[in-house]
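In the two assemblies presented below, subunit A is common to both, partnered first by subunit B and then by subunit C.
Here is the complex of A and B:
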């Protein structure tokens, strides 16, 4: 996908409210957008550094809880006599808090878990997510536990003059999510094309070699984890302000799996991959909803995941790219020039 | 003191089933390099099979448990044959994704068949607990402990004393050399996955009647099994057995003396701690199985 196509895609999405006037339609798109942001952030770790983090939902959930708590206000009793009280803050401020805190957690978890690799890394990340979920469930004074945090102020009212009807609110939310998604995409693109991105790919391809040429592996991995966690936190914050209720179920493993499926099906290590996967797996439940019960829907998810691993192990975007470059190279010799310029068409155009 | 002893006894009984779960998982990882996310579903499968045979079909309780274990072995063999055989030589991440897919399919299949309502399985053991001086234990738990220990010893015997076990150990050390020596790797992998699955199914069949049976019971089980395996070092069977008891002890005492709400968090905190201090697991001296 070229830059022009990317902007055309965004323009098409931005123009949708002009032609569609269905609340439910926008609800589906908003949820799709939120999870696509999550998938894009996961792609930084899974696709570019090659580390399968299965605790990604922790950052999403931390973002959601932070945003909810900061905008609702909370108090923590620290000692017998001293209680930390935070008055409710505006929604935009709590969203920034959720990005910051998720980023900090990313740094902390990155520091801890990047000491191990492979299966160990996967299990540490899952453990972390489970611990956070259990804290959210049990720290009832702060998080209300299973009773959930209710009536979280929406972001949409933060913009004056738009708060008229439910459809209007949906559309404002839609633009906010779209804006954050585009911004996240640009940030990730910038990271990938920077020194950090090249270091990440280098250590994915061959960690020992990357180390030997002087790349500080742990440092770059932790940086990637911070960026990834912060963006996931933003997605969580958006979720909290949109759904307006947050309970410990936001930490469920199945959400991590959803994001992983989005990344893997679209194409890990490509910029467009999580977006393509996000669109497919964001819309698929809606298509299936009318025809099946949720259990069958999830079973289809699982089956698709297996089929993708078997038949499209690189994902959809690289497969299409491959087909497209093959088609173009027949027409003219673009690929040859790309190679002579030292460009890898799959990495660059993804 | 009484409370302490009671916790200790509870932990040892729970630990025996944890060990069963952990050994199955570590065994599969050690030989096949597959992180088996469907392990918890085999655990659930075992519990539901006991429910099916013992409660619905009215088969003898002990026979129902035996049937559940055998069916677990068969299901494991079927999963290996259909899903994993084609992925020989694929990296850990790839097989992990496939097993996550299998896990989702199985769990939702269970939900579809059995509905989300929890089931309980009555046991034929006397209500009156066995009294051992200061502590008392329900007979059903004594039964769980005895069968679990017997199964652990059986698994260990298969690996250490039989020809198949020898071939498994050889495959663990070096797959390609083992294949060159005439060991049929496909058979070994099939047997490994079937045996590991059978152990998970056995753990479910034993714990199902003690706790309640529901489709999501496998989720925590698989995560705990990972915790146990990490404690012992991936691929280390003795480590997994000890890890199972360690986790049960930490959980039981954590729940008893710290906070019962965080019972399930203890294991995960333990994993994080272990990996920070000694990433190869507590008991891993060298990589070998048995």
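Here is the complex of A and C:
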């Protein structure tokens, strides 16, 4: 049932350009999609291994800067006499670079901090994001600092024949983001439903027991960090090629918070959770913008978040699953008395 | 069950083991061995150092002195998962399961070690990996039937009755395909009926050519199932022999009942 629903959802999104012809509408969906990819990547760490990365935007920003720099070309003076020069590369290539470099940073952070977990990991990730932001701000020769990197080549030009108008470009960008989102979802799903995901859940649930049956806890945490960072890097790369301007503000803490909110409200540790959260908190600000002043917008935003966390502490997706299971078992009991209840729906209360 | 003679070298040898916590001596100069196919019980009054010994053998604690040799391989300094990888699997004194997962998933996680496939093979979901996943599901059912939880697969582990949770722990440990199983008070908290069927389970585990080292307080069970009993007191081994001999050993009686008991014994 769920797999069918997932594909129906994707099909509906893919069909949208047939009925909608509003540029702004697609802009909102593209930004929503990019942050949903970020939220999905965060969920791999926060939801499945239980490690809160509060500097997740670092990987997003590293992806954005890598994509920008590789596609624009750059030079770094390494010694007095030697300068490393990189000629501008195609956008698709720079996107791959952004995934790779972000993944490497994930590996580094994972190796560095997973020996001390929990609160220490949170601190390391926050610091990491801040350090990267300061580098982006101050290494003016490379990153232009607060002047930002401009005129980043768009990914959309890579597809010939579509470059006819702003709406068409939006739609091509939309499909690219949708494609990357679906691909990321499938990668995460594959990880979660394999022995890799089982090992991650095991170390989240009971680390001592996980070790005692031969699970190398550090290895799977690092693996999750690599995958998570690489996907966040992809989201950052998409952002750079879409917005076409990158400044140190991509490292702002608020973006990490947005991703955390998406994951927690949608349901951490569920595949659909970050998607549901991403859709809600990606569309909500745009929806509210038409109706109220920004201050009221943010208050509604905050209030809704508190309500969700208060009434659905597990998030929206687990709550809906619970209702669905309860509804189905009630219905089945009428048909046959001998039903297996499956997961006890009362168990996750509170 | 007596297979002493067929074993050339022991499965597990603990040589001159000492564990200190700061100034506190938890274990001092303890040596004992477990032979292939044996059920050996490690007993002693509370605080004697039994669980500490388990923690050191399974890599959760470091030995201050001495060495632990498993099938000729020195275990000192190895991490817990590496020791499990070698085939030495333990359970915990306090019930330790994956409470938010189903019983089935618990055992599936336990099969991690035997599900071996490289990360890339798994990510690409090669046919080989998918076939293996199906086999694993059969193995889970087989293990659950073996411990008597076959009908509980879909329940949340945390919602099982206490005695069943303890059986699930054994199932998870068995899933890791141990050749030496360390059980830390597995029957603690079981009612007499459960304890009796647990004894039978121990024997059938032993019949699967799994060597067992047991820490247990239930003396009836210890004396009933063990080939040999090792007695720890204040971190020292005070006796080591067949159950009948241990029951008559005056030092053991003194350790359990205190000095005054000797006069009346």
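Going forward, the second predicted complex is superposed on the first by the 326 of 350 C-alpha atoms of A that agree within 3 Å, B and C clash if a C-alpha of one lies under 4 Å from a C-alpha of the other, contacts with A are read in each partner's own complex, and residues count from 1 in each chain.
Assume contacts are C-beta pairs under 8 Å (C-beta built on N, C-alpha and C of every residue); 3 or more make two chains touch, one makes a residue touch a chain.
Small disclaimer: the values here were computed from a predicted structure and weren't measured.
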Which of subunit B and subunit C A:78 touches, first, second, both or neither: neither
Touched partner set for A:18, first subunit B, second subunit C, both or neither: neither
Subunit B versus subunit C as contact partner of A:87, first or second or both or neither: neither
Partner chain in contact with A:202 - subunit B first, subunit C second, else both or neither: second
Which of subunit B and subunit C A:115 touches, first, second, both or neither: first
Subunit B versus subunit C as contact partner of A:147, first or second or both or neither: neither
Broader residue contact with subunit A after superposition on the shared chain, subunit B or subunit C: B
Which of subunit B and subunit C A:260 touches, first, second, both or neither: first
Subunit A residues contacted in one complex by subunit B, in the other by subunit C: none
In the complex with subunit C, residue positions of subunit A that touch it: 187, 190-191, 194-196, 198-199, 201-202, 205-206, 208-217, 223, 340-344, 347
Touching residues (chain side subunit A, partner subunit B) in the complex: 52, 112-113, 115-116, 118-120, 122-124, 126-128, 130-131, 134-135, 137-138, 253-254, 257, 260, 264, 293-296, 298-299, 301-306, 309-310, 313
Partner subunit A, residues of subunit C touching it in the complex: 58, 60, 79-82, 84-85, 89-92, 96-102, 105, 108-110, 112-113, 115, 117, 119, 122-123, 125, 129, 133, 154-156, 158-159, 172-173, 175-176
Interfacial residue positions of subunit B with respect to subunit A in the complex: 29, 35, 83, 86-87, 92-94, 96-98, 100-105, 107-109, 111-112, 219, 223, 226-227, 230, 234, 259, 261-262, 264-265, 267-269, 271-272, 275-276, 279
